[in-house]
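Scrolling down, you'll hit the structures one after another.
Two complexes, one shared chain (subunit A), two partners (subunit B, subunit C).
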Partner chain A sequence: MVSQTETGSGRPYSPAQVRRLTDFDLTLPALGLLILFFVLPVAMLLTRSVTEPVPGLGNYAELLGSSTYLRIFANTFIVSGLVTLVSLLIGFPVAWALAIMPNRAASIVFAILLLSMWTNLLARTYAWMVLLQRTGVINKMLLGMGLIDTPLPLVNNLTGVTIGMTYIMLPFIILPLYGVIRKIDPAILQAAALCGANRWQSLVRVLLPLAMPGMAAGALMVFVMSLGYFVTPALLGGTSNMMLAELIAQFVQSLVNWGMGGAAALVLLVVTLALYAVQLRFFGTNRMGGR
Partner chain B sequence: MKRILVLAATAATIATAMPATAADLVFTSWGGTTQDAQKIAWAEKFTEKTGINVLQDGPTDYGKLKAMVEANAVTWDVVDVEGDYAAQAGKKGLLEKLDFSVIDKSKLDPRFVTDYSVGSFYYSFVIGCNKDAVDACPKTWADLFDTQKFPGMRAFYKWSAPGVIEAALLADGVSADQLYPLDLDRAFKKLDTIKSDIIWWSGGAQSQQLLASAEAPFGSVWNGRMTALAQSGINVETSWEQNITAADALVVPKGAKNKEAAMQFIALATSAEAQADLAKITGYAPINLDSPKMMDPELAKTLPDAQTASQVNADMNYWAENRDAIGERWYAWQAK
Partner chain C sequence: MLLNFDRLGWWKLVLIGITLLTTAFLLLPILFIAALSFGSSQWLIFPPPAWTLRWYQELLEDPRWLDSAWTSFRIAIIVTVLSVLLGLVTSFGLNRGRFLFREALKALFLTPMILPVVVLAVALYAFFLQIGLNGTLTGFVISHLVLALPFSILSITNALEGFDKSIEDAAVLCGASPFEAKIRVTLPAISHGVFSAAIFSFLTSWDEVVVAIFMASPTLQTLPVKVWSTLRQDLTPVVAAASTLLILLTVLLMVLVAIVRKGLKS
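Moving on, here comes the complex of A and B:
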């Protein structure tokens, strides 16, 4: 092959052909792998939702007709929404600060952010357990300072899940936001100030609207990722804060009821894909990751 | 029995896993210290004796087991499962019948023997308490359900399994011989009264951590974990009053590649010596009736074997029949 291309008349392919090759064909190996080892098994599990234990939509009727399961659905959305909101509230100032910081300081903050992302998820979650529990560091400190009389219930409940998941999601909102804010010309803010806008006005009426695409993309990503979260809610939440992923695991592993597991998985998949469609429709793929 | 979080155990497994050749036997258990002990007390001895290499896999996952059997691609030869699951899975056709011409069941505790399974080890749910953290320790199940006399959080096993429902009924005054069939309405009503005071533990290590840190100063825990806590110097008290026994079981999945070797492995694992060795390391009780004789009397005293006076046996056959129905109700109640 090599000798042929080298000795052959000029280039073996025209530039147009080369470009066409990079478009789609190059994704084929990965695509094939995904179809074989991901799409097919998932499709098989989903099929079971309408065939087990008897053919029909019985599993879906049970899933959507039970107040317990509906509560778990609601819970999943509440937790994901809360995590997204808190991540935005914390992530925006951080991203902004990163964008205007001197490069050396910014690279230190980035290193901290990435280091936390690269640390084992379980280790990080257990660390929160130790910090938040009744006899944990935070409660002991507050008790010692006399700020509270009885320990605050910070873990095994909604508070624990929200804190733990927000912490994990923060980089996913800070990084796209940073990208967007970084691109905003500082001169625009100066112009706002020259036109008489105070700090608050230039934040709300200039910076926020300009950063909106990054915020929306980051928020949607965090929301969608949160919907399927398993480990953190399982460890930091109570049983009454159960989320959908835990329910699916329970059906598949403990109750060995794959029909119901498949049904719950399909519901989660449909919601996730719908949100992804929204993201594509409004922001396009190239906005993801803040580019 | 230990549903240690899947991730942790998987990581440990990957580190030791190698592709199994036809001659290798694959033993699957729940990871953590118990599987380490099973490796030392059983697997290494088995390899020494037969020359058959034993690969450790885990954690046990009933979904995976079913998938393997259905796809006729079984890579596990011997699996450590919960006793009630073993009784159920055998009836569902997921397990091989055990070959009792290879496995000597005459010396095995008959409570834990079925056509498809033998006990792996057994344990009791006891009332554990961190003495340094409270003024008084609960002695009975009724005490553990009494939030007036014993205020504070209490630890209970998170998963649907024999133990907690029985404890609730005993606490409510049901006599031990009237437990089965379980009055679920009554049990959940009793559990409702302490629901907001419960911290659920999902694995043995977590129960130890909860008691040691006094996050939940008392609770219903496996007896072996109390032994471990006492050994680590924590001032604990164990109440054996109406201790509720349950067992893990050894099974062979239907279509296992090394069926014969699997039977030999189970024969060795349930032998008096191997059972005594495991009990020494874990603090759980041997299911071979000859094992206690081979153990240090001091140690034998700490086993559920020595606490039969008020012992309550969880009815594995009842659980096998009703496992699914109870499970669904259990998780629905928890999520409420």
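Moving on, here comes the complex of A and C:
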């Protein structure tokens, strides 16, 4: 009877008997879906970058040779880098606190992290559009406290994008970092203290190095996610600091220039995949982040 | 002792301070939008001069908002069903199979999750324009299914990895057919994975904006597309009302998940 359970190898095919479904066959519907509606369309788009309007690498020459587009690339990296840095600076102490807090307090913080993560992206971005506008609460508070005389431009610029994106990315850095710090044996820190290390020395020479793999993996994850972000930069950013994803959308939607759109998409894909390769190479197959 | 909460000294206060501020940073915008949705000010002045239900009334009386919410719901339900069924079949194949390239196949199935959505959106948009699926329900379902399937496969394979296959084999030894054993023994045991697969698939489709912006037509658009196109024009409080309802849905789903998890544990 056991031979009837699927062993995966399947019996050698013989025309006389009906071939039994193997385990590989079970993956075929999903594989078909992915090839037809994921691999093929992406390949077709990338092909158009070297065939339209004329065959050749003209689109790439234009994309990488124009200061307008290079500024967009630079801006994409600056925004992503800034968001990653701020998320890391805030995320590390929070993850650390979460790892050692009493359980009840920690579960409240976790619930708020999850609520923020699960709340509709547009709803969260809308909240920041309202909060940061010229007549918004933040400007009013700063004016009321006498810190500023005229409202600060907080939205449609780098500040707006950075605040809005950090808001979205924070949970993605706090959760994996929490996991890493949680796994560190407190006895190691105790040993450091016994050997005469003060708190700064313990932090800089023991805790931070031990948490480093988690920090690097989380930071890379947030950086890569930020590179391809579309909605939040489009709503909170200004025209002068467009990001790559917006450029791709603009090529396709407003300019109907599939060649350039495909070329820009390839640049984004290559950078993303290269960074994922780094992640796999240095941090194993560690999957980070949530949905 | 940096990993002992009670022996951190004044550092403890710093850590608690940063955590409190961050928690407030994460929570306040959500509460703020909920409060504003009941405020009477067209210009979203806070605190509002008076309270009103006007924006909810405008929202619920506008057929375009209702239509888009209904479209979103239909798409998300179809995607959830397909994603869970396909995820189940695929995960069984991946988990039980001993074939060549299994790991590579697994990686391929998860790729749509990590690639920038805008690339998939533009690629599918071009493809669907050619084969006439743009602006159709089928087009929406297919593109959201591509995005949701990785989460479904991930949740279900994780659950399958934690399941001892010899229990299923025992059922077969006791006379169940392999299929019957899977349905009556394995499926109940991995139900938590199937449940997360369903929730994640639903949320992926329901909240998806980027692909939907490209797929939408003047006659067929999802709720996020409606929010997006409204926001491109102005910051009307009607969006605050819509956002608040979306936040409420999130809270309900979180509570549901918590209840189911608790139920599964006991």
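Here, the second predicted complex is superposed on the first by the 253 of 291 C-alpha atoms of A that agree within 3 Å, B and C clash if a C-alpha of one lies under 4 Å from a C-alpha of the other, contacts with A are read in each partner's own complex, and residues count from 1 in each chain.
As a working rule, contacts are C-beta pairs under 8 Å (C-beta built on N, C-alpha and C of every residue); 3 or more make two chains touch, one makes a residue touch a chain.
In this text, all values refer to a predicted model and were calculated from it rather than measured experimentally.
On the superposed subunit A, the positions of subunit B and subunit C overlap enough to count as a clash. By the touch criterion defined above, A:85 lies against neither subunit B nor subunit C after alignment on the C-alpha atoms of chain A.
Touch criterion met: A:186 reaches subunit C, while subunit B stays clear of it. Of the two partner chains, neither subunit B nor subunit C is touched by A:275. Look at A:252: by the touch rule set out above, it reaches both subunit B and subunit C.
Once chain A of one complex is fitted onto chain A of the other, the partner contacts of A:156 are limited to subunit B, with no touch recorded for subunit C. Shared-chain residue A:50: touches no atom of subunit B or subunit C. Of the two partner chains, subunit B and subunit C are each touched by A:133. Residue contacts after overlaying the shared chain place A:72 against subunit B, while subunit C stays out of touching range. Residue contacts after overlaying the shared chain place A:143 against neither subunit B nor subunit C.
With both complexes superposed, C is the one of subunit B and subunit C in contact with more subunit A residues. Across the options 38-46, 128-136, 200-208 or 218-226, subunit B meets subunit C in a clash only at 200-208, per the superposition defined above.
Across the two superposed structures, the residue set of subunit A contacted by subunit B and also by subunit C is 121-122, 133, 135, 231, 235, 252-253, 258.
Across the interface of their complex, subunit C is touched by residues 1-2, 4-9, 22-27, 29-31, 33-34, 37-38, 40-42, 44-45, 48, 90, 93-94, 96-102, 108-109, 111-116, 118-131, 133, 135-137, 140, 167, 170-171, 181, 184, 186, 189-190, 193, 199, 202-203, 206-207, 224, 227-228, 230-231, 235, 245, 248-249, 252-253, 258, 261, 265, 268-269, 272, 276, 291 of subunit A.
For subunit C in complex with subunit A, the residues that touch the partner chain are 1-5, 8-9, 11, 14-16, 18-19, 22-23, 25-27, 29-30, 32-33, 36, 43-46, 86-87, 89-90, 92-94, 96-99, 105, 108-109, 111-112, 114-127, 142-143, 145-146, 149, 151, 153, 168-169, 172-173, 178, 200, 203-204, 207, 209-210, 213-214, 224, 227-228, 231, 235, 239-240, 242-243, 246-247, 250-251, 253-254. The touching residues of subunit B, counted against subunit A in their complex, run 5, 7-8, 61-63, 66, 153, 158-160, 199-200, 202, 213-215, 324, 327-328, 331-332, 334-336. The residues of subunit A lying in touch with subunit B in their complex are 66, 68, 71-72, 121-122, 133-135, 156, 231, 234-235, 238-240, 242, 247, 250, 252-258.
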